[in-house]
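Okay, so chain A shows up in both of these, paired with chain B first and chain C after.
Here is the complex of A and B:
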């Protein structure tokens, strides 16, 4: 295993970078779409069937089958695997954002409305700041799922080529060529990537959560 | 705004035959409600749980829209002005969760000023002024709500509602979550404050004693949002419109009524009618009739000597047990004779 590592180290690093880029692109698209829709539907506190059903339907799609269908529709490549990963990550982020915003105390929201805040002012100044911790929990989960699934890029025809980074799927999806050791080492790199990213997301969550919310949470958790 | 805390005293609020039926319900939550709150008065809304107090209050800032009738603030209909402008010009205080936990106290107080586009300096200056007004230390400005006690939070809630010096305030059980001592304190302070700023206030409470203390007028609602009686505390206690109101204000309404008046209002100048015996108990002129009665009972005497507030040696006159008893009943012309209330006899 040490042998495999030292023989392939720079290649592993490049593939991990590609894996990270692929996961990150899918995650960012999912965050933009998922948080927007989830938070707005949550704010309306109506059309919840939309958020929940859309989430459930997307989640029921097996990623590999989706890749196969999209090969027929749009062909091989980066777009194919990115769409597949977005379909995986989006429902997690969307339902979390929806739940986070609907979970904001109704009394507080009504106080905001009573004071003359308009809908978007309520969403941005009251609901989202209070919903950040739960939204970020969804983003973190989605990141881990995405990294764990991105190796399927190899089946979507996205592999290392000149001008293309590829993913750890190059190794994980090729056990006959790389051997069990290779698959295990590549999987370990993917796990490290997942944890690193999750750690960074936690840091981002801390930075984004308003001080007052942190204080009220620690106050709530302090022993009586 | 300058040093003066308030430059915009209250304006009249009028409900004209207002009816509200929630969608999908057969009976109205507010049924043909008509009442006028004079400018600068506190109107307490009391009634049973589900009686429509909160609904009636929210109709004013249109958090809930009514089906029929009209509500006028300072003579103009609440539906004739922009809903956002209407709400920003009405102070709104609710129980518990009113404050935004993610904002500092200063930012909480500055919410409506910010919405109205005040400059940062002006908002800061106003926050300083308001913290003073609600008697909170200036170093609270940078703290967060979770770092304040319930009573302090409620003071901030008051300050926030007063931020743009609105003529009208809506308060939904604002002191309901506080312990009795803090509640009493903050009630007193609010009354003192109200003496200065003279806002028109709609104050929802389910506590009749709080209503008697706070309300210039009290509106008693019954189940179904029907107005049972509207009047001063003295009117409600002295002549409840019916058994329901009599029941609601309590069997001890005679005693409560005695709490509304002071000994000095009842004093007869010594020597005119009753020369007080030398051993008669004394009580200050600023004591309530209820206190006087209690002192009288404790002493076994039938006459009280009333003294000057600052000088307990100066007797300003006397009050007899009969006078106190009369005070329970007088100016109660509308009292229905068929209603017998326990404790009144």
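Here is the complex of A and C:
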């Protein structure tokens, strides 16, 4: 295993970078689309049935089957695997964003309205800041799922070649060529990437959470 | 599925007629292809055939079953013989092969059952070794390189002999006669590209660009760095600039259709090759090895079942030309017919009562 690691170290780093880029692009698209829809539907407290069920249908699609279908429809490569990963990550982020926003204390929202705040002001200044911890939980879960699934890039025709980074799937998807050792080492790199990313997301969550919420949380947790 | 051999309905009769007609049509097409070798540009529909894979190599004539040297035994010699379990691997062509051999034995009175979809070469070898199955059809190159882990053989007869020797020494088993078809890896290009650039062999890819520049081969991930795959092909035919596009099994043809790749890693028995859209490039250096099929049987079983047992299996092997297996694959994979039913129709069309 050490032998494989030293023989392939620079290649593993490049593939891990490619893996991270692939996962990050899919995650960013999912966050933008998922949080927007989830938060807005949560704010309206309407159309939730449609949005959530559509999300759950997407979640039920097997990623590999989706890739195979999209090969016929849109072809091989980066776009194919990115769509497949967005379909995986989006529902998680969407449902969490929806649940987070609807879960914000009604009294607080009504108080804001009573103070004369407009709809969008309520969403951005009251609901979203209060919803951040739960939204970020969804983002963190989606990141882990995405990293764990991005190796399927190899089956979508996205692999290392000049001008293309590839993913750890180059190794994980080829056990007969790389051996069990190679698969295990590459999987270990993916796990480290998943943990690192999850850690960074936690840090981002801390930075984004308003001080008031942190205080009220620690007050709630402190022994009476 | 196997039960259907005893229950004939009007519906299966008509289907059988259709398959017979289909087989006749493909055999006719093959005959035309052989006769009209000069006008390849005028007859693109014959460009998809696999002329190299069809002809039996001279060194393998004595070990290959044909309709001439392997007649069907008369009567039901299998009545009262001990039971035998036949295995097959986990993909469509193997299921059809397993059904063909099993149903032929049953029709001759043998007490044969099929365990389909066992797994890959290594796994089915373990099943044979532990006597959970007593027979299975195998691609003999697989036995030599994947199971016995011996160096790649240099000819068809060398492959056969090495497999046979190893099985006799290590598995108390032997091989019967092999089929005229082989299912080996191959490189296909679109018929259009083949005609434009005049491609016939793998080494002709040099004509597309120096060292294969501008050619991307699509294939499953394991194809990329195998010596009996892309890596060996690049070395042997001096094609260092050939690119690679990973594609899940089955979608290599899609990659060529879409232009994402210019060539595809295929199998010589793929039914897609009968469409005429693709041209199979020959492999004169035999990078991809020799993968003729033969039943591997436990030696004590062979002795206990009597000589008509081997004769029945050889009769089946003798029917299996390249056109026949492609037509069978077309029925099962292309038209989604049940393998058992397709096998039954094929055997009946060839005179199994």
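As a working rule, the second predicted complex is superposed on the first by the 224 of 224 C-alpha atoms of A that agree within 3 Å, B and C clash if a C-alpha of one lies under 4 Å from a C-alpha of the other, contacts with A are read in each partner's own complex, and residues count from 1 in each chain.
Following the convention adopted for this analysis, contacts are C-beta pairs under 8 Å (C-beta built on N, C-alpha and C of every residue); 3 or more make two chains touch, one makes a residue touch a chain.
Just so it is clear, the model here is predicted, and its values are computed rather than measured.
Q: With the two complexes superposed on chain A, say which partner A:1 touches: chain B (first), chain C (second), both, or neither.
A: Once the two structures are laid over each other on A, A:1 reaches no partner at all.
Q: According to the stated criteria, A:28 is in contact with first (chain B), second (chain C), both, or neither; which is it?
A: A:28 sits against neither chain B nor chain C.
Q: Between chain B and chain C, whom does A:76 touch in the aligned arrangement: first, second, both, or neither?
A: In the superposition, A:76 touches chain C alone.
Q: For A:174, is the partner it touches chain B (first), chain C (second), both, or none of the two (neither)?
A: Touch partner of A:174: chain C, not chain B.
Q: Taking the superposition as given, does A:68 touch the first partner, chain B, the second, chain C, both, or neither?
A: After superposition on chain A, A:68 lies in contact with chain C alone.
Q: In the overlay, answer first, second, both or neither for which of chain B and chain C A:155 touches.
A: second
Q: Would you check which partner chain A:212 touches, where first means chain B only, second means chain C only, and both and neither mean what they say?
A: In the superposed model, A:212 contacts chain B only, not chain C.
Q: For chain A, what residues appear in both contact lists, the one with chain B and the one with chain C?
A: Of chain A, no residue contacts chain B in one complex and chain C in the other.
Q: Looking at the complex, which residues from chain A come into contact with chain C?
A: 64, 67-68, 71-72, 75-77, 154-155, 157-159, 161, 170, 173-177
Q: Which residues of chain C touch chain A in their complex?
A: Residues 218, 221-222, 224-226, 243-248, 251, 254-255, 258, 260 of chain C touch chain A in their complex.
Q: Which residues of chain A touch chain B in their complex?
A: Residue positions touching the partner: 105, 107-108, 110-118, 121, 126, 129-130, 210-213, 215-216, 219-220.
Q: Show me the residue ranges of chain B that touch chain A in the complex, using the header's touch definition.
A: Checking each residue of chain B against chain A gives 58, 61, 63, 84-90, 92, 94-98, 100-104, 111-112, 115, 144-147, 160, 170.
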